[in-house]
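You will see chain A twice below: alongside chain B first, and alongside chain C after that.
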Partner chain A sequence: MIKQIQISPPLKKVLVIYGLLATIFVSMMVFSADYRSIQNVGNVLVQSVPLAIVSMGQMIVLIGGGIDMSVGAMISLTSCIAARTMSSVASPVAAIGAVLIITVSVCVGVMNGIGTNYGRVPAMITTLSMMMVLNGISLALLPGPGGRVDRAIAGVIMARSGLLSVALLILLLVFILLRHFLYHTRSGVHVYAIGKNRSIAASMGVRINRVSILTFVIAAMTAAVSGMLLASRMRIGDPTIGASFGLDSITAAAIGGTALTGGVGLLSGTVAGAFLIGMLSNMMNILGVNHFYQYVLKGLLLVVAMVFYSLSGKMGGKHRG
Partner chain B sequence: MIKIAGKLLEMVNLTKRFPGVVALDRVCFECDSGGIYAIVGENGAGKSTLMNLLGGLLVPDEGIIKLDGIPVVITSPGKSFALGFGFVHQELNLLDNLTVWENVFLSHEIKGAIGKLDKSAMRSRILAMNDRLGYQLNPDALVGSLKLADRQLVEITRAVIFAPRILILDEPTAALSEEEVIRLFGILRSLRDEGASIIYISHRLEEVVALADHVTVLKDGRNAGELCKAEISKDVMINMMIGRTLDNIYPNRLDVRSQETILRVTDLIIPGKVNGVSLELHAGEILGLGGLEGQGQREFVRALFGDIPFSSGVVRVGENTYTEKSHGIPSRVRNGIGYVTHDRHGEGLILHQPIRKNMSMASLKRFKKNAGYLSVQKETEVVLQQVQRLSIKAASIENPVSSLSGGNQQKVMLGRWLMVDPRVLIIDEPTKGVDVGARTSLYQTIDVLTRQGVAVIILTSDMLELMGLSDRIIVFYEGRCTAEIVRADVTEERVMRAASGLSTSGEQTA
Partner chain C sequence: MAKRVTLSSSAEFAQTRRQSIFLLLAVFMLFLVQGIVRPGSVTFNQTMNITRQASALGVVVLGQALVILAGGIDLSVGSMVTLTNVFAVSMMKGQDSNFLTAALICVGLGVVVGTFNALGVIKLGIAPFIMSLCSMSIMEGVYLVYTGGSPSGRVSPLLKTIGNESFLGKVPYSTIIWVALAVLIWYVLMKTSYGRKVFAVGSNPTAARLCGIRSDAVSFSTYVICSVLAAVAGLLASGYVGTTSLSIGSDYMTNSLAAVLIGGNAIEGGKGGIWGGVLGAFFIMLLFAVLTMLSIGQVGKLITQGLIIFVVVALQGQFKGGRKE
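After this line comes the complex of A and B, so read on.
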């Protein structure tokens, strides 16, 4: 059998995003001394990790034909639980906190999935409701930024040396796990199947509800990982820290070539999308661009990416990698 | 193989009801291993329903399915697969964002260690199947990038690769070339000789004659006859499929005279769907488009309405001419063409909106006041007139249209187009899901309309309705007109023959 290595059409699009990333990176390196510092490059990478992780979870939900608005609230809740339970590494409460975070995230994902699949409520509504509920719980746990995450725990998670950091390793680990899931297990194939057409997938024997629930669980768990990273970085909890992550994760996935209609998306594209967003923010901070305009640019970036994809999609048909 | 007493598959007295219609009425069917069993019947005879019972997509209301003499309940596609059924569906049941191997093995993937997909095993099994079936499918190609015929081959590969005991094919040849059909038949025969049982559903009677060892004829959801190999012929099958009488719910239209031509279509071509259809439509006439499902009739009328593009041809309505360059629905509506869709809930009505809004939707221009405001008063007035004219039974026109029965919903759609004062009204499935009482009144309305000079085209899969309502019938077969029959000459047999691609005089077409 002949094995061919082909660059699939969606991968080509992703390469464009990577090209854009590289261009911005190189031009910043050339023109800005502040930017060039290893310290700053390391910062950009670390700062982009939480969004990259949660965006991968979001992308899996999107591929499966859903959408998860509650990931941001899940991030906030995670940071609050962490700040309330992990104030001392020696305390057994810290271990309970970790178990609690995992349990809560799985439960949140299952409930999102059940509401969407068995309750027949659109995913947008189910997860919006979940978002409000989780935001409320977060505020009840921690009315404002506060609590404490133990130095030892945070230190391990935030450890870095030069460009390398534990956060990047965590990103790599999550990427490898999800990559295995999405491209090398039957559930992964089924996620793409249900996102394209639930009834055809069902008639071919796919257990659509089960697969769909699984996507929501994965998204909630990636949110928990991101929340833990953020809590470690701040060393405190913040009930509103995740507020922007819901929409940002959708933006990152969309920029990375994920179809919001389901059935299409690549992990590498989404990671690139998240880093592009992170890098642009960092660039504008260094250039001293007003915070407000960052939103404007983010919006423009999204629109331009969508136009690009829909135009190239028209020519090449709808594909996935 | 051990011969088991009793048949491989027995279906006894299966009944399946849908709201307002009995799709299957005590249907029996049986088959044994090593045979090709054909099921024939008109549209709506119950063929596909019967097969969906085996596929686990529907559950019978009454009756028993026995496999090897043991009653089984098939509740899901997975169960059906586990019992040894393989399916080739009529409409392509594939996911075009997935590759060939993903589609072929979907939900039956081959797994290696720790649940990892064994992609190379699946690829090589497809390549092995390619060799056996004479196909050239690339396992890694995206199904969305394949031609229609190749997608059909993917579907066939999916059904055959798991070596089913009973292979069911529902109109498998629609997208295939003659050569591919011949090859498929060869494959089916060799599978039969290896002991598989094959159930073949087709409306192409010549295929059935060529292939089948046994034929079951269904009519109106009932068994209409059985034929063994020696008895199979097209004429016998057609005779079994027809033979019903017209009810007197249809309007008497013997006094209708032909008037001036209002619509003229010349050589309309829609690639892959319609191959050069020409026809004329006269004011005050009801033209029925007949034929089996999917012969291009629906695409044809949708092209007239400007909903789908055509590649060449001329459509002339009154003094206006439409070519392949003039598309878009609004100009047709302005010119007095209306289209009542067959898909009432999908594209006809906005269910949660009131009857008034649903009805006035196509003619809002009439109710414009100053500054673009709508005159609700005037709108209400006109809608009420229509409601009375069509005798729609509704407590208030402000009630959501979903509160109405199927028949009254159909009338609302009809009313919408009556409000634009159409010259040509296309009605796709005029009475789908409508009870008998409302049917009669719909037929009366259509009759009255034509007497006021409106030309009506109806598209229906109900043979009796087609014959009862039309002044003239044009039968479609594979994108062409195979017969034009005026009311005085119409018989069910002539329509059936034309719909099966046979000439109406009795001889076979070349």
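After this line comes the complex of A and C, so read on.
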């Protein structure tokens, strides 16, 4: 009974994004020998994982009618906590660090949710304020890039052989968990419902505030997972490492067909969007595009991707920020 | 989701006014804190100094408010400010004779960028959030390529005067420009049919179109105006700073959004006005100034800033009464 939510039209759009992804991938494989190497393909996959994970969290908030600008700051904070506490795997401090990261992310999510729902503050302002606060705390923990993440911990998280890697496994795990949550639980359907129309959802008996808070908690937790992955990759903490993730995650979700107005979105599309963004920068690096030109190209390519997209499906209706 | 065209609704108008009064209270609180921290520092001159610092942000906020009123959003204003700064300063070479050309080219750039944003949003159906994000990235690339990472040039003396001197030694020129632009936009928004169309399009584009309003043309114009105002703000900021910097515009995007929302405008459009945002920009700059006076480090600054912006908006929400969805 719960499962009868209609998700087929967006699914068609998702296929278009996967088509685009495959086209770029195949043409790069054909044109560039460097790109073809298993090493590089593995790199692309691993590099896109942190953005893909946090984008899924972001997407759930967007579906619920909110927006979370603080995920980037949450990523930075996680990497700082990790670098400060996990310098040695043997010490009990590392375990405390892990517990701390989880606790902090849940608290951040709950506070974002409470501010937005009970404080009557627009989600954008709540999460922007949270972003500033978290950036401040990150700077207090680590004034600049530094600290250390133990080789053993980082080694496990970054382990890979050929195309397969633990990072991808984590992505898969998060994907399956969120997929189950979103499509096969009552709360998941409620997320779509409050995004479509809060007052109707409320009158149908959905606990709108509670569901909305849950979406923010999920976003903050996915940000923590991404932060942990980034900290393991760099093996140090960096208070600004997450700066671009807030906007990039929203872009990834939007490329994947999530409506920024709420109520529409699919996990598979968002993952594809994140991989598209990851692949673009890798592609430009391989082609040796000047770093400065990359900004221009990235912007233009994203416009092209979105155009492709709007041509493919009938966009219909209005799209607003 | 029923949204009304707001101008006629006096209840909502009163609500916006109540919010502005609350914001005014918050500003007075800040003055009070400033007075306690540094007795005797709350003077006319000091206040004018803060309006001088706020003027660039204030001008950006005018454009941002307009775009948001019409139901869009523009994240590219910060890059536009930097782009203007880089181009204007490198073209002026410290000569007044180059000022007019440089200023005109920058305003022209604003038109180009605004048109680009508007075309993407209206003709290609891309969400404004994403479209302006893309043009932000493109502009970042353009000024990085143009400067090669190390910008150069000097601000012309005339622009420096505008950015740093005051009319009769009292009111900064940049403040005058800011207020004049605000009055102009307020007049257009509240007293002309174009203004009513902006509200109508922001409230409900489909309904507006059915009423015979050319929704697309109206929202198109808001994007262009917003980018042009960002270019003007870039000139003001260049005059104030007196030099060129690739990070000059980095805070404008978040600060302009914060100012508009603190000012009581609704993010979904169609609700609000101009003066709330103007006051919001002043509030944010005053907050920075007071925090600097307290000589709090970067860490404390970020944390207090975040908390205060949140608390102000939250208290405004409590003032608003029942939530309408």
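Rule of thumb we're sticking to: the second predicted complex is superposed on the first by the 289 of 321 C-alpha atoms of A that agree within 3 Å, B and C clash if a C-alpha of one lies under 4 Å from a C-alpha of the other, contacts with A are read in each partner's own complex, and residues count from 1 in each chain.
One rule holds for everything that comes next: a contact is a pair of C-beta atoms (placed from the backbone, for glycine too) under 8 Å apart; a residue touches a chain by one contact, two chains touch by 3 or more.
Values in this document were obtained by computation on a predicted structure and should not be read as measured data.
**Student:** Does the superposition put A:Val99 against chain B (first), chain C (second), both, or neither?
**Tutor:** Neither partner.
**Student:** With both complexes superposed on chain A, which partner does A:Gly205 reach: first (chain B), second (chain C), both or neither?
**Tutor:** Touch status of A:Gly205: first partner only.
**Student:** Is A:Leu172 touching anything from chain B or chain C once the two structures are fitted on A? First, second, both or neither.
**Tutor:** Touch partners of A:Leu172: none, neither chain B nor chain C.
**Student:** Touch test for A:Leu164: chain B only (first), chain C only (second), both, or neither?
**Tutor:** neither
**Student:** If you stack the two complexes on chain A, which partner ends up touching A:Asn197: first (chain B), second (chain C), both, or neither?
**Tutor:** both
**Student:** Does chain B (first) or chain C (second) touch A:Val26, or do both, or does neither?
**Tutor:** Neither partner.
**Student:** Of the two partners chain B and chain C, indicate the one touching more residues belonging to chain A.
**Tutor:** Answer, by number of touched residues of chain A: C.
**Student:** Per the contact definition in the header, classify A:His184: touching chain B only (first), chain C only (second), both, or neither.
**Tutor:** The answer is first: A:His184 touches chain B but not chain C.
**Student:** So chain A touches chain B in one structure and chain C in the other; where do those two contact lists coincide?
**Tutor:** Dual-contact residues (chain A): 197, 202, 318-320.
**Student:** Quick check on the complex: what are the chain A residues that touch chain C?
**Tutor:** On the chain A side, the touching residues are 115, 119-122, 124-126, 128-133, 135-137, 139-140, 197-199, 202, 247, 250-251, 254-255, 259-260, 290, 292-300, 302-303, 306-307, 310, 315, 318-321.
**Student:** Considering the complex alone, what residue numbers of chain A touch chain B?
**Tutor:** Residue positions touching the partner: 1, 4, 180, 184-186, 189-190, 192-193, 195-197, 200-207, 263-264, 317-320.
**Student:** Which positions of chain C touch chain A when the two form their complex?
**Tutor:** 1, 71-73, 75, 120-121, 124-138, 140-142, 144-145, 148-149, 205-206, 254, 257-258, 261-262, 266-269, 298-303, 305-307, 309-310, 313-314, 317-318, 320, 323, 325
**Student:** Which residues of chain B touch chain A in their complex?
**Tutor:** 55, 57, 76-78, 81, 89, 93-98, 102-103, 106-109, 111, 115-117, 120, 123-124, 127, 140, 142, 144-145
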